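Chain lettering (A, B, C and D) follows the sequence in which the chains are written, and residue indices restart at 1 in each chain.
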């Protein structure tokens, strides 16, 4: 079993290509800001960015000009308001960012169909709404049992899915606890997978608790070790959401100039996540550490 | 007052799908007052949350630690919501019409909007699958409109008879919107599926209600006065739920 | 939160009714033999028994005359051979047990559709096989995206699903580790749910590790505490599969008389699981205990 | 010999879907000899199993303890198998025809069978979705038949051209059966999609092969002799994998 451990720079350079459909998933939890920043730093172009909730990280990526299109279900700075950079290119008479829009379950269903190699996924959403008018890929399908019609969404198979996680082995076997979002589905649906982790652990740690593994190394192309890589989002058990950052982003993103300055200061002028963490400062980081809440131990039993 | 009124409407409810912001405070207030057995479900994938602080976002880590169950979003939407286990879902709205149809997608034309709003998120799914839907929003002539610009979440469609027939035919589990709580009063839906002002909050007037609505509203003949917040309700909000006053100042 | 703890006798008497569709799920792991025996003991009639693998427990139930129909995907004594009682009523010129047959994924997909309130579930199985001829409920459905046809199976919504688990709280919040099979889907699909556990635990034990919960108390009607209730199948970390039992069943089930004698001795003449466990004897039980293999602890973090 | 030959055919394979019994021993033998990097996937929901003993059934607890991942069966069948991650799937058979189509459902008529067999289990899914399929079974005139009584798992259908067209049209990920290992020899599939005897095990004869088959078999012009089990292969089976001789005696 060969190691898949790589630097963020190499992982993004090798695995994210101009024009790709990229999904950085994680529902409020475990959002790989570190990977998003590296994509900006490397000046990738023409990306289609998929994500249920294009929040601050996609606002930054859109501002930096890496994206040509969003595939999403909820567009905003959660708990705060709008996303200034995205609003600037989606409002008014001639929007320049293409939007392909679903609901949360629609997006989850799209990844699930992609992961399961299904040509569509059925769901009960969208009836009597304008969403199918706005997005012709949302279609009806008749039940073969004569009991009516439901809606369908097509599979979504990202070229690259990037997820942040608490821990993985060098082989890429990845474990997560807390909110699971749809990372598993998005990873299985993808052609290439980058896993970014707080901690690299021995294979034995993974194998001691196989029920916690959500992504097997089998589908992982690179493991990047990047502590604090999800900041300002959070990692269950490791650090809290940095709410101040989300609040601060609101006025920054309302101004194209302020956004540009922020990107220069916090992305382009830094050579990677370690420099970002250092710049944040130990005091701010310390304030985000939670107290302990241990899970307890279960016994799998040794059967010889 | 909006929060207190919404919380009171939750009396006796069992399983509540919680949105962020105002619904979140209302639900947590209800759990501490009129609905102690209510279980909180967060769309992020949490059942039986027991937040130790007011969650900052819909996916705050405090809703996970000490919860009963954490599930994938697929399971949450497929089994809990579409499967019919949710008694009450909360929706906010940028625009609402007299039948409780909701827009959270765009103001203006879809392709060239004046204002790009967040979109559905889970809202259209809540509107279709939750047994009943509570709406919580401030009133204004821009938000209570004769015709919404985009229907993100279906309410009573073109009226109660129409809505009931379509919900029946298409096997929806939800019965649609049951209450709209605003900063001015409490609206329920009458037999024609139209919003009717049933209670006016302290300090609000029927004139103010008419000024902040884009159609000629129905007003209950026996219009009630919403009882003012009790000391205990205020204490819970100010001390426990929103000490910073982020949502309630 | 009121306690749902009940005796097996009361749970089966209250929740399993003649003519019901009953799913005792658990793929080789966590099979509730205790519930099956109680159903036999109470003389339920006309049941439709659903299960991916109708193994020894359904052979016993069919022999006892409780079933009129099986819904399944693989019929056998796993690793050993056939099931004598079921073969006697399904072979020859006039079978008396109705069969409705799928594949494993077809059964899982049926429970999933039932749990998700979908009118059908699409899958790529069954092409160019005789299964759709044998079962007209397996139907084709065309993709609304013009990329061909897949098969569909209808939802399965059992009247009662019964699962065995390592532990649950009195409210019915249930945790499992090791093989998960399709218990979650079968439980969410059901009208009523009985959970049988090795151990009743405090709510705090469940809440310390919410990612392990597979069934919420919300959908559970009764919690039955029945240590060794899955014997001769196994419980990960608690006891091993009693392979001798599976081997012994082969000659017993080949003979209607031997089967009848076995049912009398091990089911009808005992008043419940405790008596069965006592009759098995402490030596046999001790031989099934595994050594320890602890999972390790993860930290959820206290966020106040 | 059947086990040893099957194990050798696994050389270089990555992801193997393991069935119980003979395939299980063959796969475990291959992992210890020709395919050390092979990952074992069990349909019960285990990826990267590292069994400390030979599993007694397909869902033995020893395949869970120390495994890389445990998943629900939904995920295993949907994402791993139907999603196209399985390189090799194993099938057994009660009946097989010259094109590798397989029956494990009934002998006789479906509604009134002479013998009721287990049915598909995951077999039809393996046949359709695994990149290639290995069959392992004993030969007899009752099992190698001109016409199978029920097609549980599709092989090369009516021949290679037919099969390739249908697999292409319907977007199957699998390329169908690639090898049949029996107690007498090793069969691969020729350009017409028909079984061809390529290697004869020690002690077996072409006459015996013809006696145990219901059609006139194709036999390679350069028929090979399967090398006998090495001492190491025999040691692994007898000492480590099946010390009780349950499957190999």
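One rule holds for everything that comes next: a contact is a pair of C-beta atoms (placed from the backbone, for glycine too) under 8 Å apart; a residue touches a chain by one contact, two chains touch by 3 or more.
Note that the structure is a prediction, hence the values are computed from the model and not measured.
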Report summary line: Contacts shared by subunit A with subunit D include exactly C
Requested in this report: Identify the chain pair with more contacting C-beta pairs: A-B or B-C.
Outcome: A-B
Query raised in the report: If you average the Cα atoms of subunit A and of subunit C to get two centres, how far apart are those centres in Å?
Result: 37
Report task. Could you please state the distance in Å, as a whole number, between where the Cα atoms of subunit C are centred and where those of subunit D are centred? Result -> 28
Query - Mean-CA-position distance for subunit C and subunit B (Å) - result: 40
Report task. For subunit D, write out the residues touching at least two other chains, lowest number first. Result -> 46, 60-61, 64-66, 70, 78, 82, 129, 171
Requested in this report: Provide the list of subunit C residues touching at least two other chains, using ranges where the numbers run on.
Outcome: 112, 117-119, 123-124, 147-148, 177-178, 180, 184-185, 208, 211, 236, 240, 290, 293, 300-304
Query raised in the report: Hey, how would you classify the chain contact layout here, line, ring, star, complete or other?
Result: other
Query raised in the report: Tell me, which pairs of chains are in touch?
Result: A-B, A-C, A-D, B-C, C-D
Requested in this report: Quick one: which bits of subunit A touch subunit D in the complex? Just the residue numbers, please.
Outcome: 1, 112, 115-119, 173, 184-185, 188, 206-208, 210-211, 213-214, 216-219, 300-304
Query - subunit A - residues contacting subunit C, complex - result: 117-124, 137, 139-141, 143-145, 147-148, 150, 152, 154, 166, 177-178, 180, 205, 208-209, 211-212, 236-238, 240, 290-304
**Report entry** subunit D residues touching subunit C - in the complex, by the definition given at the top
**Finding:** 20-21, 43-46, 56-61, 64-66, 70-74, 77-78, 81-82, 105, 110-125, 128-129, 150-154, 157, 166, 169-172
Report summary line: Listed in rising order, the residues of subunit B that touch subunit C in the complex are 15, 37, 39, 46-48, 50, 52-53, 60-62, 64-70, 75, 78-79, 82-85, 129, 171, 173
Requested in this report: State the interface residues of subunit A toward subunit B in the complex, per the touch definition above.
Outcome: 27-29, 52-53, 72-76, 78-79, 82, 86-87, 90-95, 101-105, 108-109, 112, 123-131, 133-134, 147-149, 177-182, 184-185, 234, 236, 240-241, 243, 246, 290, 293
